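In this document, chain identifiers A, B, C and D correspond to the written order of the chains, with residue numbering beginning at 1 in each.
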């Protein structure tokens, strides 16, 4: 199987799906001639021509809003927002329009739209490029949210996203873009939404994460293993829909859980994970479920970011707390 | 230092709009009728249907039987004139919320509108084959959709045109600008139909913008801008017909500024006597967009007061029937909340449904 | 003491503060000549003149963004967004600009800006007028969020909001606008942020709410009292900052808690309340903390809304579950 | 049916921009110098400081010692010319991110910029008395702030003017439109300084908009629009000076389109050889905005190559010193994350701080 990094896996999925389904079109800032500021769409405009891949003006709301119109016309758009932070400029189009159009029209005007955006810290980007704001979209029912943590998942989840009859926000971790590589099958495969992945089996404590934090948890689990602590690590893969059953099973297995995320603490998806666990398997809990996350402060300039994002060490400390609780 | 003058100086006075029919239904000098008498009769009837429906709805709303809605009264020509230039089979309309005659022309049934105004989820569905985008509440948000839709049709080699309706108020939103600019770049077949009806709720046009002419904004996007008498069905139809022809020919978008007036309240929740000058209202009454066409046809012996009275009754009966249908529609069920959130309900939502229904019963 | 409804109490606060501090200006759609679509600012333009109260063009992003600029110029703006749903059009200005400017400028450019917006269900408004999206702003650190549930709090919290050196989102419940009346002192008083209010003392179960749901909980508590169940009811008043200590104390008092809200379930502020309780007083809990909230579906058209929002009956059922747990 | 023509038809070709100094530093026929030689010398030096700082920063960034930043090279006149028309004591600038010479003129110290580029929170602080809004990353988001600021000064009876800088790309954002429109309505003393440097990262102007003239957009907001040669310091200064005078006199905003070219990469993360035609780059090299003024002064005996060389060294030394300061700045502390979130840290955040620090130590 070929080795790919995340960028390559995503590009591979886009290319495959564009070959398979000629309704698929790409649009966004710099995605065409340049192939994207991270080269994710490199070569695609050259390969598929300028009627399948579009450079657009610098305007997020109309990138998303016109993607919905493209879908109404019968096409299957995949829009790129250059950095997730800038979805805020299109927030009304994503949350009020794309997410709700099926409901608003009682099914007559669905939105088979995918919006891709990179995000996440650790690569010294300017302000607003790193913010992990996935939870804000969870409060906009109607849009699914996929957050791959590795190249294999990225390809399979993206193929699923584009084909999904519902709109999907597809969030790509900047830190993993080129760093994380893995085996990725050449052909077509999809990964279903709402099914979490058990990254590593364990018995003492359950580590819960999505996107780039999965890698952190894996590293923490290795360190814990050295100390004789067996961590069960799960990757949620999609936060909408959430695999409630899978989550409950994973927590019940150990009775202890720690959620790790890059988003600020309050009203984050980590909060939701804890609330769900608490409601669904309260009696299996041997200790409070804890969050490892940045505090409720803005993502700082890059000179401070190492002080902000979760670390393996923090996870270890919190796991020990949980075990001693 | 020498004085240097900006190349672009704003007009000091509004440009004359295109007019074809005067207030007495007479063709202006040099003009020929842009439509057949049959089409004009159809237009009168469609405008009367819109007005009749909204009159009835208003009284029902005052009885507390309907939700808030925005009546079209006064803007019947402004909405229908442009729509008549479209082909309901291949073209599309993205409405704001005050375009009833246009939607009727596109084939949206009275029953569907009645249901929507009754707050019924079923009324939200746009029937198959009706080329109208979903009801919109978020101002200007439908404009990007119209652009994407027109652009997408063009990409697929279809010759459809999409028309976005929006108000003077909505034109201040960023979505308007981003949409016009993208449509210009993509030469998308889109008509931007800006209805300046003088008001955004209580906000007068003078506070909405300092420009004399909304139509001038088109220059900033590289396509034509057309200012039209918004109570003149013929002028609206003629201007839009030309814009549609350009769009179909691949020449891109047009911005049409329709200068009209909102004769009734903003919505049933509004009290315009707090801010609309009754004198101005009186002046606009004389420019009634329906009467104007009726007079034109009457002069040709194709319309008369008896026909007005008779058709009014027909409309009343149709409206009655539509609301009957609405009032008798099976009651809402809690399950509906969970329908059409996704194509297929997710297991997570299914759990929530079970829980929600259990707690409610 | 005069009786006021919420609209009157808010107007009173605005007037008092504009009299006290001539830097205070109001801006928004229809807030001037008409006095607001709900008449909250009725008479204020007439009283203070057109240089203190501004009707603006219909453009939420620049209403919020220019409010920040007004603050930079030395004024103290209070902007109204006609309905909370339309803050999405200004989401980038609120979350990235207003909320962060103090942090972004390391204190050199703070934002003494208040944004008022009504929201909430039960009054048969059109789409997007009812949506309870408060949690989306919690993920934007730097802005405080106040949600009064009654006229007395509305006045005191608004006076606090306008004077607060930090930006404040002040959310007014539509259903309570004219319906709920109460005694409101005539003069000046403020209610501090981050201090919850005990609405009713109780010993068996703690009901947690903010905004319009507080009234629901009060009614539920009355019904519970009839059955001999003593409910402790708290009103969070502000969700940023959250009164963590007060919350913990209120839950520890009874060992059982139910959160009631109008927002969709997942990643809501209710999730945060549960997560916080779970982390902070896990060992005092006798039963899982439950949410009474709408499901993860969009706010429906008004013909369906009674099926959507929480009811007193639902609260009763969940309390009984909690007591039996 | 008769043919009707839109009243507003787009230009087929770009309008001539205002030019005062030609590429060889000669005054164009009929023009007088808009500034004194002393001011021109100050301008040359300030532009050289901007260029020198960015050249040095670029090489440091390539060594991995700095974060990403956007060099001004090529746009020195486009940024400084307008700023020179401002009074740093009463006027304000809301920058995008590529306006170093303008910020230097307003009094922002090299040290502060060095710290910011090093990613240090302390560099984010705008020193007291420097009339510059905070560093901005979100494109066009600062334009509404500039409008509010100008409007607020006017409300307080002050005669300050605010100037928002933004790019051709940023001008496609809704914030641009909403800001211009509001400023027009409020007659706010604002200069909208649109730098069309040909590119938004890799997106050429032709894909950014279909209009021939950004300046024409002003008409849609009811104020003047001025197209100016963006590499001609004198033209920029002259046009802006007149706009500032109008703004101070209560006559409202002006949109200035500065036509320039981005000579270097978008940022240090960008590779423009993938999309910029080297021939076009070569042509623009001949229009260097600094050399042009140097030649003008040289012809008057007020500048020479030795001065260029000497001042370059001076700048290099200053830049060196600024980065020395930055590199030696005390290391970041975890506590800083919690500073300036609120005026006073809340008890809730204090709990989080204690927890966060405990988990990190």
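We adopt the following convention: a contact is a pair of C-beta atoms (placed from the backbone, for glycine too) under 8 Å apart; a residue touches a chain by one contact, two chains touch by 3 or more.
Fair warning: this is a prediction, and the values are worked out from it, not measured in the lab.
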Pair joined by the larger number of C-beta contacts - C-D, B-C: C-D
Label of the chain whose CA centroid is most distant from the centroid of chain C: D
Whole-Å gap separating chain C and chain D, where each centre is the average of the chain's CA atoms: 40
Whole-Å gap between the CA centroids of chain B and chain C: 35
Centroid distance [mean C-alpha coordinates] between chain C and chain A, Å: 30
Residues of chain B whose C-beta touches two or more other chains: 121, 124, 135, 138, 172-175, 178, 181-182, 185, 207-209, 341, 348-349
Multi-partner residues of chain C (at least 2 other chains): 56-57, 59, 61, 85-86, 88-89, 92, 96, 103-104, 127-128, 141-142, 240, 242, 296-298, 300
Interfacial residue positions of chain A with respect to chain D in the complex: 29-30, 33-34, 37, 55-61, 85-86, 88-89, 124-129, 265, 292, 294-298, 300-305, 307-308, 311, 313-314, 317-318
Residues of chain D that touch chain A when the two form their complex: 67-68, 116, 118-121, 123-124, 135, 137-139, 169-170, 172-175, 200-203, 207-209, 269-270, 274-275, 332-334, 336-338, 341, 348-349, 352-353, 355-356, 359-360
Of chain D, residues touching chain C in the complex: 92, 121-122, 124-128, 133-135, 138, 141, 143-153, 155-156, 162, 174-175, 178-179, 181-182, 185-186, 339-343, 346-349, 351
Of chain A, residues touching chain C in the complex: 85-86, 88-89, 91-92, 95-96, 99-100, 103-104, 127-128, 133, 135-136, 138-142, 240, 242, 263-264, 266-272, 274-275, 278-279, 282, 285, 287-291, 296-298, 300, 325
Complex interface listing, chain D residues touching chain B: 1-4, 6-11, 15-16, 18, 30-34, 172-178, 181-182, 184-185, 187, 207-227, 235, 238-239, 241-242, 252, 254
